[in-house]
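After this come two complexes, each holding chain A, first together with chain B and then together with chain C.
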Partner chain A sequence: MEEKILEVLEEYCEEALSYTGDNMMEEGVIDSFTVINIVSELEDVFDIEIDAKYVVAENFRNKEAIIELVRQLVEE
Partner chain B sequence: MNTDFGRVVVIGYGKATGEILKYTDDRQADYGYELEFIEHEPHVLGVTRQICEERGIPFASMPDKRELAGYLGEIQEKTLIVSASNNFLFPAAVVERENITIINFHNALLPEYPGRNAPSWVIYQGEARTGITWHYVTAGVDEGNIIIQKSCEIGSDTKAYELTETLMDLAYEGFCECFDSVLQENAEAKPQGFSPERRMYRSSEIPGGGVLHPEEPTENAYRLLRSVDYGKSGIFPPVQMEIDGKRAEILRYRKIAPEKKKEGTDMRYLPFADGELLKIKYRML
Partner chain C sequence: MQFLSAVFIILWVISFALYYLVPAKRQWIILAVASGLFYVAGTGGIPVGIVLTGAGAYVSGLYVKRSLEAQKAALSAVVEKEQKKAVKLGFERRRRRVQILYFVLSLGILFCTKYMVVILPFLQKAGLTTPYSDVFFARVVMPLGVSFYTLTAISYVVDVGREQCQAQENPVKLFLFLAYFPSITQGPFNRYGKLQREFERDHVFDYERMLFGVQRFVWGAFKKLVIADRINLFVGNVFGSVDGGFPGSIYALAVVLYMIQLYADFSGYMDMALGVSETFDIILPENFKRPYFSKSVAEFWRRWHITLGTWFKDYVMFSFVMSGAGRKIGKAAKKKMPRMGKHVTGILGTMFVWLLTGMWHGRTMSYILWGVYYGVIMCVSLVLESRYGVWKEKLHIKEGKAYAFFAMARTWVIVFAADVLIRSDSLSQAGQIYRALLMDFRLKEGILGVTDFGLSRYGFLLLAATCLLWLAVSVWEEQGKDVRRMLAASPMAVRWCCYYGVVLLLVITGIYGGSYDTAAFLYQSF
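== the complex of A and B ==
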């Protein structure tokens, strides 16, 4: 699963793969439009619904947070 | 560089607003105006507060319309208000004050598509091009004289949020081009020249009424879905369609090649004229 998520990130925001900080939004690595693309792609790849309540900066602070979010939603 | 404006107030949210805020901050040293930012509509992924904190720009959150109108109405010095991605309608009491000049970015080529959600309507109507307009604000909505316009193409697969991003980039580009002339009060603003058919789009209106008709050409369905697609922002409710006599809401969609078709639950495929398929994932209501 992690590999697939990283593939999505690579497609829409390669910089996120090498980012080691804790707030990609604030640091300008990722913007709200890229988040929309990533969410849309993750939903399609994993056949999950990512509700709007999960689309917040906290869940997109780095690649680990995104992986954790998807893991939770897939396991639900 | 000289200007009589002693104060610049930026109001808005989103990507263009952040870039404009940084630009006006960078240009402060050239003109000596005081700069401040007002957040009227907070955005869950917004970064304007951070920009203000990092740069020491005064920041105020005023979600209440009356409070905002009252605040602006009490400004005494000559002030330029930059309305960037902002849905607050400036009341006449503010607009008509002699010491206040307001410029607004509209996300369409005025006088076409005035009002709300213009990127949605241009996609839904099948327009090949759209753009942005910076204009002076008058008491009427999106009626003021045009300062600058920038245009772009609308791709056949472009979604509303993608077009919005392009328009925000154009808005920033246009702002940088006209900022000096606005501050120096020598911008060549042109009247819009309204046609009798001019139609104002309201926030309550949804393209296609928000209902997809599978019996229509798939190109129409795809245009509808793209036109209301702002990701999870909730600007529009999910598009609905009828399945076996019952209502369903569309969760997501994608244009795919026929060989990528996979059967699944709550999934429907509609054929495009060119052989590709529109994959629709839905949920029964």
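== the complex of A and C ==
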């Protein structure tokens, strides 16, 4: 699963892979447009629905947080 | 009531003293009373629309909270996954209906109060009003901070539904969140979860914090009175002239100065709001991060009116894209256009948000065009972003200091063109200015006639000096330095020279009285 998520991130925001901080959205590494693309792709790849309530800076603070979010939604 | 008034200073000082005298658990009451007084004094009463919006948020929040509790209880009684899904969906639908009803009510009130000025003349012309209704509408039109209040209330109801915070059981505490006096007129937009945590903390008096708060307030007043209001003497005369017909060079200078004025005015207000709040040990979110250092328009809007941008992103853009309709559009677009289709919902969301941002800022067609202009630029730049690297490589462009400056200058030009639209009194005046800028620049005439518009040579020199001081502070901040701490750590003589210098500049060179209303902040009308 992790590998697939990283592939999606690589396609839409390569910078996210090397980012080591914990506020990717506020620091402008990932913009809202890219977030939408990533969410849409993750929904297709894992056959899940990512509700707007999950699309917050906290869940997109770095690649680990994104992986954790997808893992939770897949398990639900 | 304005920040730059004796009444406000008295309210601030008295509530500050009481705040640190009462027990920590009661401090919020002082803030609630101060906010009530600020609101009533600013509006001359309590507008019905504001009460309805607040009461609606309170009731909706409680309904959503109860519904979430009932949902949890119902889910624990069910074992099957499919059944759980059905139970959850049922509760979600009911909550959504209540939330939508609330959004329609609050946005309807906002629309009526904000657009009544535009609608009323048509109603009067059509003979649909009476002297009584005219008096009524005159009273309901534009209550203090109605836009900020409404959007804050909506964010509260959404956040409770998204389980990002607990609904407030005490209506007075909710009122405090919605109408907290430092941020009610022009923001920043607060999020309930964060601000409530600030209110609930124990706040102990701290001399340094009080000093920092007052310093920030004075710095904000300096930006407003010394820089923004001085610029207005020039800009107001250039744009206020009925005949116009000035050289393009004069318009160019006026628009550049307007860019500085708008920033000084709005960020000055924010400094005052955040400074006042800091003295109460309530930390509000930053609304500006030196936007004119931005290397792209997207970055500019991440640094300018930050809390409005995140509000639209969190509550409009993501809600639309992740809604049923948004998903359907996205999937259909991906099917039809495998390469570009993935961008369609993002483009629609961006355009919708910018249209709303335009409508939020003003009631005329110029603001709608302004929103569309930024929407198109954002969409084009975001779609083409992935190509930038390739183009730079092909054109042998290296990302050094020169390129960074070019990127900043490019952003200034884009913002410049947009500001012509919103500063002009009409679309025809904006057209006239664009034409003068492109086809009738007359640089020499502009230089010779620059002092004919209400700002003397001394005024320009003073403006340049104060802007340079502001620029120096901004550069330090951009480098990550905390200027207030630097000042606090400097020798006493240097420190007090700086304090006296800024206060003296404020008192001696601030624009007071006369025909210009010093207390009117530009963003207050947005």
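Side notes on the structure shown:
Note that the second predicted complex is superposed on the first by the 76 of 76 C-alpha atoms of A that agree within 3 Å, B and C clash if a C-alpha of one lies under 4 Å from a C-alpha of the other, contacts with A are read in each partner's own complex, and residues count from 1 in each chain.
What we mean here is this: contacts are C-beta pairs under 8 Å (C-beta built on N, C-alpha and C of every residue); 3 or more make two chains touch, one makes a residue touch a chain.
Just so it is clear, the model here is predicted, and its values are computed rather than measured.
The superposition on chain A brings chain B into a clash with chain C.
When the shared chain is aligned, chain B and chain C each come close enough to touch A:36. Looking at the shared chain after the overlay, A:55 reaches both chain B and chain C. When the two structures are aligned on the shared chain, A:22 is found in touch with neither chain B nor chain C.
Using the contact criterion defined above for the overlaid structures, shared-chain residue A:47 touches chain B, although it does not reach chain C.
Overlap of the chain B and chain C interfaces on chain A comprises residues 28, 31-33, 35-36, 39-40, 43, 49-52, 55-56.
Remark: chain B residues 14-15, 43-47, 50, 161-162, 164-165, 230-234, 251-252, 254, 264, 281 touch chain A in the complex.
Those residues of chain A that touch chain C in the shared complex are 28, 31-37, 39-41, 43, 49-53, 55-56.
Chain A makes touch with chain B in their complex at residues 25-26, 28, 31-33, 35-36, 39-40, 43-44, 47, 49-52, 55-57, 60. Residues of chain C that touch chain A in their complex: 161-164, 298-299, 302, 313-314, 317-319, 321-323, 327, 330, 334, 342-343, 345-346, 349-350, 378, 382.
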